[in-house]
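Below are two complexes that have chain A in common, paired first with chain B and then with chain C.
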Partner chain A sequence: MLSDFGLVAFNGLAWAMAVFIVAAGLTLVFGILHVLNFSHGGFLMIGAYVSHDLLSLLDGDVSTISYIGAALAGGVVVGVLGYFVDRLVLRRLKGVEEAYSLIATYALLLLCVGAVKMIWGVNFMSVPAPEALSGALFYQGVFMPTYSMFVIGCGVAVFLLLDIWIRRSRTGKLVQSVAADPWMCGLLGVNAPAMYTAVVVISFALAGLGGGLLAANQSLSPELGGHYIIQAFGVIIVGGIGNIRGAFLASVLLGLVVSFGTVYVPEYPGIFFYLAIVAILMFRPEGLIKQKGLA
Partner chain B sequence: MVDITRRKFLTTVSIGAGVAATGFIPSPFTGLARAAGEGDETYKVGLITALSGSGASLGQPMLVGAKIAVEQINASGGVNGKPLELLVRDSRAKPADATVAARELVGEGCNLLFGAVSSSVALAITGILPQLNATLITCAAHSMKLTKENFNKHYFRITDNPYMRERAIAKLMAEEYPSVTKWGGLIPDHEYGRTTWSAFKHGLNEYYPQITGVDPSVARPILTQYGASDFRNYIASAMTGPSEGFFVSVYAGEAVTLFQQAKAYGFFSKAKVIVDSANEFIVAKAMREEMPEMWVGSHWYYGAFEGNEISDRLYERVVEVTGDKTPMGFVSEAHSAVLAYAAALEKSGTSDTQSVISALEGLTFETATGPRTIRAEDHQTIKPVVLYKLRGANNADGFEVLETRIVKGEDVIDPPTPGKAINL
Partner chain C sequence: MMEHSKRHRDKYQGLPLILMILVLAAIASVPFWAGGGFIFLVGLLLIQTLFALSYNILFGLTGLVSFGQAALFATGAYATAYLMRTVPDVPFLLALLAGGLAGGVIAALISVIALRRASGIYFAILTLALGQLVYTMIGKSTALGREDGMTGIARPVLNLFLFEVDLSVGDRYFFFILAACAFVAGLLWWVWYGRIGRVLYAIRQDPERVNFLGVNVQRYREIAFIISGVTTAFAGALLGPWQQILTPEIADWSYSALPILMCLLGGATYYWGPAVGAVLFVGLSHATRMMPGISELLIGVVLLLVVLAVPGGVAAGLARIGKSWRRSTEEESI
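Moving on to the complex of A and B:
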């Protein structure tokens, strides 16, 4: 019985961390630019495809180091794309009504999907997990695939890095200041536009990195952009928009709810995610962690 | 109060008239003006399929098959001296888009429709066919409702159906794996998933006692969320159950994700046999060497019909056009739908809808899988069920076909009961 609960909780955490990896960059952009970037999933998809191509060049067993390296390369490529997206699109959305931002970023998503179709085609692809991550551990009666442990580890690492950066580093505190009061920061000599661009690039790089890290988690197709985005939006809304700690907490909470719901009420797969969001927002409409600005 | 000036009124009416004249909004006048008739220089056939979105990997091969069929027929002089003209619309696998596409095509004078990847699209279009005075031949949609409770005379199915396919698979399992008597399923929680499972279970309960003398033990299927990206809990449930054989009708990208995630759980060691209802080469092409051994249902496999001239010519042309040496069966189904319309047009001498319907009923015509007959009662085609065993391999394709089985359609087909739901 305990091992069953353990397995369900473990699978829930794996789902949660996969979604958090996606949500992290999304909540960063919203916290600073107040733009709900609907194209985030599209750029995650591009990161996954870039990783796939790089790993294909190895033509054989892929090591964990090369898998992570390919994911980092995907992050760099998408980060560069993010710079151009910021210059050409996101800057122009400052001060624009949110509905228009959503439409503009949705259009970007369609561009991503079209580009993926043109470059990689419509057929499904897959990236096998590295040999070292293809097995499983058996602990206290709980069966834990190594790749799931890797995803959990990556999610925790992304959270810790972001949280430490935002709260403890000088640049992180500058980013928080710009999010809270860009006008005053400008008067004090902070280059707010440059900070915005830096945050966008980091957010996009996170999307690309996330795509690479999660490449072995599911099939690759031009529809991959849409697979995680609804869950990611759910997580950032429940967590408190623009709040990294809230997003982490929300993803864990929702992941456990989804996992237990799937196993113990199997007649209604997928419904618990939405029920949990409704229930939480009824009691905490501002999200789990109520805090102004990005943190 | 609405302030309408004369200028606004005239502008609005002019725009409306202009749009109606383009046929974008079907109107009685444009409909009559554009209705298919003997005065047209071509016979128009309209393909409505998913060329984008989640169904594109099925819809794109259909487009290839349709284009090749039209090209081949026109190269041999067309039908009744007139060439075929192929019109194409992207349904995006969405019923709303598909019905708009159907209305658009009919508005352009095309009453002979075919395609439809998803059952929901097929059901949506079928519902409006009498109103549009058009026909639809589906080339993939597998809902039993189309030839049962939702049947109407304007609808035709050129493919096999789940009753035929899953029962053929069940029979094969009883013959090849008589010792595997404990079965489970991983099925998507929607119409297609439930239908395929019901038919497979029905087949297990019929054929195992008949062939092995042993009643199978069939567990409740595991329902997976449609569109899921995480199947771990479903896989864990499958691992803890008693089943040794697994029927999987999760399809396309979700099937790839499921099998990818299943590997780490040792699912392929536990499962003595895995049956994939309909993914053709989709999973094999995605997973390549990682593809586990499994039996897969298909509409057409070129390797099993070597010597069939239509199949050989179709395969050669597909490879020429696409460069893909392992085309999927959806190519053949769209190809066959066009052949069906061509045969019906030749027989009836007209593209009038009622005449084409009469010509299609009971029609036998040659295709890439041999002769097919469209049953007059429920418009279900009697065609062979194609099954093959696949495994990942270290070769250029990334996989190999280990075995093929062709099951005669007439041996596994359901009795015709148009208008009544099938009881499985």
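Moving on to the complex of A and C:
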């Protein structure tokens, strides 16, 4: 019984960290630009496809290092795309109503889906997990696939890096202050527009990296982007948008709810995620951690 | 924005009426010269136009962005189809009304949860989550055919008390859709230009000031959500017998994006904007349906352009042309 419990909790954590990797970049951009980026999932998907192409060059001989390397390359490609998206679209959304900018990023998601269909086609593709990550460990009777452990490790690493960067480093604090008051920061000699661009590029690079890291988990198809974005939306809205600690907390909470829900009420898998969001927002409409700006 | 305050209550009121009759006549003529595929497409377009017009009561008039409207559309569609299947003797008009009412009930529930607590982007995401909840429930419900959908929905017999019309014969159901959509669009027109519409429009402009004037803003937003929910579900209810199959995709969030795109494309501040948008959107996606990828790219680019460059949509452009034309004729008459 205890080992069952452990297994369900482990699966919940694996789900949570996968979604957190997606949500982290999303919440970062919202924190500073106040744009909820629908296309984040689309760029994640592009990152996954790019790393798929790079790995297929290796002819099936995929090591953990090359797997991570391909994901990093995907991150770089999508980060560069992010620069242009910021220049062409996000920057122009400043004066636009919140809801309209949401729709503009939805249009970007459509562009991502269209581009993926044109370049990679509509057929399913798959990325093999590297040799070292395709096994499983038994600990106290709990079956733990090494790939899930890898995803959990990546999620925690992303969280720690972002949290330390934002809260402890000088540039992180500057980003926070730009999020709070760009005008004042400008007066004090901070190049606020450059900060915006930097955060957008980091967020997109995270999406691309996440796409590569999570690619082995599923079959790649043009629907992948929309699938991930809904879960990430749920996580950041429950966590309090713009809040990285909140997103981390919310992803763990929702991951456990989803995992336990699927086990104990198998007739309706998937509804617990939405029920939990609704329930939490009924009582805490601003999310778990209520804080203005970026944190 | 100025067009609203004037509301066209001038001597040119007759012109739109003539235009409307011409458009209706043109649509009604479709079965006489077009093939089956095109007739089906136009029927679908009519239903989706009503969907978009209903949504615009919320979006363009009240200024609320819901990402869960497809759940209401699907509620109407499934409720009517389920009722027709389980109670074969039910009069079709009653089944349609029941579908609309079911949508109203779900809309009331959603508005209680989503409107009381959240606004702006939180409202958009909450409606998205609630809509996905409905989508998941439909996909898992055996009575509604699970993911495979409900098949074999028959076109019913319409009982008009004095006589009966079998809508399964020929293109009769097409004409029924046209009549039903025109009727409900008329009701929505009355809401848009009537007292409720004016209050809703004022709320969109400045909710705080309207609140000061003693109007219960929250109550009016709920009313807008429910009105839009009932007519959206009614549009959905028409869909089942037309397609003769219903799949859960019509409840998915990507289907919720459909009326948003139509409203934006056509011009959300105009009553007829979404109809113009629906024609353009269906035309675009039909023309590019054989080219995977191009369709999304094209719609994405057009949408971006509308948001970034022409926030008023196509209708704003048309209205500008219309105004200058009117001005020139006025000058001539002097």
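Everything below uses one rule, namely that the second predicted complex is superposed on the first by the 295 of 295 C-alpha atoms of A that agree within 3 Å, B and C clash if a C-alpha of one lies under 4 Å from a C-alpha of the other, contacts with A are read in each partner's own complex, and residues count from 1 in each chain.
The rule is short, and it goes like this: a residue touches a chain if its C-beta (ideal position, glycine included) is under 8 Å from a C-beta of that chain, and two chains touch if they have at least 3 such contacts.
None of these values were measured; they are calculated from a predicted model.
Once the complexes are laid over each other on chain A, chain B and chain C cannot both fit and instead clash.
After overlaying the two complexes on the shared chain, residue contacts for A:Ser148 are found with chain B alone; chain C is out of touch. Of the two partner chains placed around the shared chain by superposition, chain C is the only one that A:Gly234 touches, whereas chain B remains out of contact. When both complexes are overlaid on chain A, the residue A:Ser221 reaches chain B alone and has no touch with chain C. Contact with chain B, but none with chain C, is seen for A:Leu7 once the two complexes are overlaid on the shared chain.
In the superposed model, A:Glu267 lies in contact with both chain B and chain C.
In the superposed model, A:Leu102 lies in contact with chain C only, and not with chain B. When the two complexes are overlaid on their common chain A, residue A:Val122 makes contact with chain B and with chain C alike. With chain A as the common frame, the single stretch of chain B that clashes into chain C is 96-104; none of the other options in 78-86, 96-104 or 402-410 do. Chain A residues 117, 122, 267, 269-270 lie at the interface with chain B in one structure and with chain C in the other. Considering their complex, residues 63, 65, 113, 117-118, 120-122, 124-126, 128-130, 132-133, 136-137, 140, 253-254, 257, 260, 264, 292-301, 303-304, 307-308, 311 of chain C touch chain A.
Listing the residues of chain A that touch chain C in their complex gives 36, 89, 92-93, 96, 98-104, 106-111, 113-118, 121-122, 226, 230, 233-234, 237, 241, 267-271, 274-275, 277-278, 281-282, 285-286. Residues of chain A that touch chain B in their complex: 4, 7-8, 11, 14-15, 18, 117, 122-126, 128-129, 134-136, 143, 145-148, 216-223, 227-228, 259, 262-263, 266-267, 269-270.
Considering their complex, residues 52-54, 56-57, 60, 189, 222-230, 232-234, 236-237, 239-240, 252-254, 256-257, 260-261, 263-266, 282-283, 285-288, 290 of chain B touch chain A.
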